[in-house]
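One chain, chain A, appears in both complexes that follow, with chain B as partner in the first and chain C in the second.
And now, the complex of A and B:
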């Protein structure tokens, strides 16, 4: 049984919980002038949580039988914490002036991180549901946070309506799975199903259960056809919030999908591979071709991040039952891709936020001649776009290499071919932004775009992450594979 | 004793009615109510499975209680968002909430 002296395994959770309440209390009871220090406390809490998650990598235990303290969980915790660190930096410039409830904002950003950290550790259906809902509910509030802004408002309600329908469907799937296996523990579900001991006469319910679960995870990961909320919400929500919705929140969807499918449902791998195959093709194709005809950079990035989810899910399709070091096994490709994608896409939305902050819009024309008006912003955005497109020496390239390679190594040639065509199409619209930034001269009255310090730091973190993952991917690939292995073995 | 399948059929019907309502209603409050209907269908499922399969293990009951609690939290946030929308546009019809598209 679990002993209380193992509670240190949950230290990232405790740190974030304490930090969230501390920030809230400081805002409530503190003096007015202390308000300026709120973001720094938030960043401090996130940094501590990051150190804790990093330090705990390599452990392999189950806590209370419902949460896993394994490398897989800590890997995704790190992804979430890094993204939220960048988001808080960007929020320091974006939100003052748009809202007065800054204390609540930082407390909410910390609790959303806590939600991510809890959700990715779940190894029990109840915990999976709780983690997902915790994340969803805090995200609804953040998406609609700028109440005075009609677009933010609308993003909040749309996200809420789609989200709660999807989660109700997922919960129905969970109830069927519980009924079949008689337990909510993922590992025991697998054993019961494999032994053919599921409730007699009801075995056919397994496929509907899988389908309903996929709706829930697919909605979080914005897979087509559960993606309709994504472009509207990314477009309308405050841009730093979109940065985290399109990366960390999506990573949680994938983490839970991997954990539930690999641990609880390996006996019907044939079914979920076929299902995800179809979703993968649909997601990348629809995402890319709709992105082609967008007129706002923010909305274009929204559709591009839908398309990226299609590449990521490819790694899961290509999973052939074993995770091995230095091989194209799919799952470690997914993990690496999500890490690289977190740095890249969060950076992309923060770059958009920096410009929107100044001009109040994100149409293509606003990017004309950006290389002259803000060389710093243009240069970093250029590298981010290269990474999104998958150009060598960036993290995005290595991620694509791993998942495309996994598809080819496991004989999914048609899927790989479709993905390559899609990647080429995507490069087309990424380069369209580059054209506006570097080759279209700015209009006469276009002014220089100053980038404030916190946003600068966030963009530099993104840049360092992209280049580090692109040029020295070895250690991170090792980490991704080790994390995948830890999850399967628990 | 009533067979398990009867409970499951009732739950499935309730779920489908809720799902249909959630997709076809135009009033945000009505959509919210339909979602509650779907969640209640799930709770019937949990309790029926629990009672018939593993009455000695409380997991199903606990899951149902947690689902009810989460549904309450969700409704609180949802109603707050609906109020925010109503204040800024004087409507709760989702058809008229259409600034974002493309």
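And now, the complex of A and C:
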């Protein structure tokens, strides 16, 4: 039985819960002039949660038998909290003027963080489902948050429709798994499945279950062919929200996929590796080639985020059987990649938001001559794009190095070759943005683009993250490996 | 860490630091930015002269790498910060430092827009290129390789000519395509041996028994270097990039960037994968000879002066490839040749050609820039009779052009001579075809350039007095290069001593 004195292991959850209600209450009952302080309370809550998650790294326990308090969970909590910290900073500039419900906004942003924090700790199918749903529902609301904007509404509804179908399918998969194993505890499922191989029709039930689960996780991680919602939602949603949908929310999809596949389904690893192999190739190729033809930077980034998921899955494909957390291991590669990608892609959407605030659009032409109109924004966006493209001295490069290395280490040569060709194609469209920012001169009437302080801070966090992960990756790689290890051992 | 190892690191990182200082100077103070950059670029130049002297005094007799620094960088995948210099890299480091200083000096007068970004990028690029020559760890090598690419891409895209957008992207994507495959091969080498260290890998010779994987790794790396070199058929990015880049950008591209590929063969490919290299050496020779002849023929058909010089780089880097290929081909089992020194000779020729091409073609691109600043066109058919109008310019061009076509007494002669002297013994037929390139070079330099630009009628109506002779700052840019051409032409021994020691060292590592 779980002792209450272990509740401190859930302190990130409690901190976020209290912060969310506090912000809501402050907005509801507080004086009007206090409203200005809401984002700072939000940031404070996030910072506290971050400290808590960081401090708890290295623990290794199960709470109530449904939630893991291990480094793997805390690692993903940190990813989520860092992203949300940047998102809140960007939201401070983006939302005033677009909506009046600022109190709800910050409370919702904190709830989304709470959802992330809960979801990544799940070690029980019910908890996995609840976490995913909690995250989805808060995300639907945020995607459609700007009520006056039709595109935002469209994004919210589209996300909701796709999401509810995907989670229904996933739930069906879970019920099949439950039917086979008679339990919802991931570790016990693995034992039962390993023991029950003689059961007739075993594979006929297990494989559909795997497939349906993949639909659910793949939808969150925006893998092709479950990605159709992603470009429209990333494009239509308020840009700071896209920043977190394409990073933290995606990371949750991957975290749960890793946890469920590695813990509960190691007996059919051959099957899910084959399945993910196909999804990886499809995701990166479709994402990249469709991105080539986009006319707006935001939409281009949306497709690029789809393609990036393909590289991440590659790391999971290259997870090699037993515990092989040596150098170039797939899972620690995925963790590092996700961390680097979180800093990078959140930064990318925030940079887009900074421009969008002034021009209300993100067409390529709006970026003409940005290096003169806002050298700060252009320079940081440039480095972000280099990181997305995987140029050395950025976190994106080290992430790619690790997943490519994992693929080669496990002799997936063709997959690695497809991936590097894709990386070159991707660089092609990232450079299109650079071309507009640096090479094409601005039109006569183009104005300078001032970047407000909170957004500035968010972009600097992104930049520091990218360079730190790119130049001194050692400690973070250690963290990623240790976190991966912790999960397998539980 | 010895004092000289510190100096090596200062050479490497001072340009980076200087570029960051440039960022701090307010962009209105253009003169300060320009002057600071030029002065700053003199420091690596002076220090590399000192290091070369020191190497000559205390290390040349034994050869090998000196001034090494080896610090753990990413322990999880055993990546080290490992740098060092030897007889092969020191001349190229000198070349980089010299051409950077001259380029900045020249750019001071001709670049008028976005000064701060330009000088920042130029200094930043210097660190990238120096890093490739000095790094002894594959990941570090790859890092500098790519880092140098980015500023050049921006230099072409922002300050380039009419077609710059296309040229910049083409340049970047071509190089990236080659380098990502190279990266995969580096990872493969690591997984086989557990190290990225070039020195260790050169002793281990991974895949020496597995010719299939060895060849796979060889061609993956070969692709990266050959695109950068560039050899036919991977050369198509070069004429665009060189033609569209601003003058100083073309100088750095032709003078230093192309050498990165050639340097890679000698530092990475040959010492680490000698078995595969020997097996495929004839492919290397063939690509070299095709590049020599094809490049020269294409030069003959050009009407744009800068594009002509650009294609001449394809031809001239072909000599490098021929020399390296022949030097390796000599090691094939059962190869018959009369002079056992031919292999070293061919390698020496290739290495010297790298250095010479940097000096000579760098000079040619400056000269193209000088005339373009005045005429605003590079169309060969519009010029004529400049020999009488601008005698000083004519003189500079003749010396550089004759050096390029390999006139004895000037630098180009020795490298071409050594390449062919070595190759003739080893791959006779290919060498004979290659010599055709020397004749064609003479043809396009004398016939296409000298005859149509300097001889014939001067078009008084079109040009009036606009085509004035060389100005003082242009003389200052050109003279160091001219002096080096003449010096090496008359007395190549000092440079050859360095390169020969490096070549012998490489050959001894293979055996």
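By definition in this document, the second predicted complex is superposed on the first by the 478 of 490 C-alpha atoms of A that agree within 3 Å, B and C clash if a C-alpha of one lies under 4 Å from a C-alpha of the other, contacts with A are read in each partner's own complex, and residues count from 1 in each chain.
Here is the rule we use: a contact is a pair of C-beta atoms (placed from the backbone, for glycine too) under 8 Å apart; a residue touches a chain by one contact, two chains touch by 3 or more.
Please read all numbers here as calculations on a predicted model, not as lab measurements.
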| item | value |
| --- | --- |
| Which of chain B and chain C A:404 touches, first, second, both or neither | second |
| Chain B versus chain C as contact partner of A:328, first or second or both or neither | second |
| First, second, both or neither for A:299, with chain B first and chain C second | first |
| First, second, both or neither for A:420, with chain B first and chain C second | second |
| Winner by number of chain A residues touched, once chain B and chain C are compared | B |
| First (chain B), second (chain C), both or neither touched by A:359 | neither |
| Interface residues of chain A shared between complexes with chain B and chain C | none |
| Chain A to chain B touching residues, read off their complex | 125-126, 129-130, 133, 136-137, 140-141, 144, 147-148, 150-151, 153-158, 160-161, 164-165, 167-169, 171-172, 174-176, 178-179, 182-184, 199, 231-232, 235-236, 294-296, 299 |
| Partner chain A, residues of chain C touching it in the complex | 73-78, 114, 117, 139, 142-143, 146-147, 149-150, 153-154, 157-158, 164-165, 168-169, 172-173, 176-177, 180-181, 183-184, 187-188, 190-191 |
| Of all residues in chain A, those that touch chain C in their complex | 327-328, 371-372, 386, 391-393, 397, 401-402, 404-405, 408-409, 416-417, 420-421, 423-424, 427-428, 431, 434-435, 438-440, 473-474, 477-478, 481 |
| Chain A contact footprint on chain B (complex, rising order) | 8, 15, 18-19, 22-23, 28, 31-32, 35, 38-39, 41-42, 45-46, 48-49, 53-54, 57, 59-60, 62-63, 66-67, 70, 73-74, 77-78, 80-82, 84-85, 87-89, 94, 97, 99-102 |
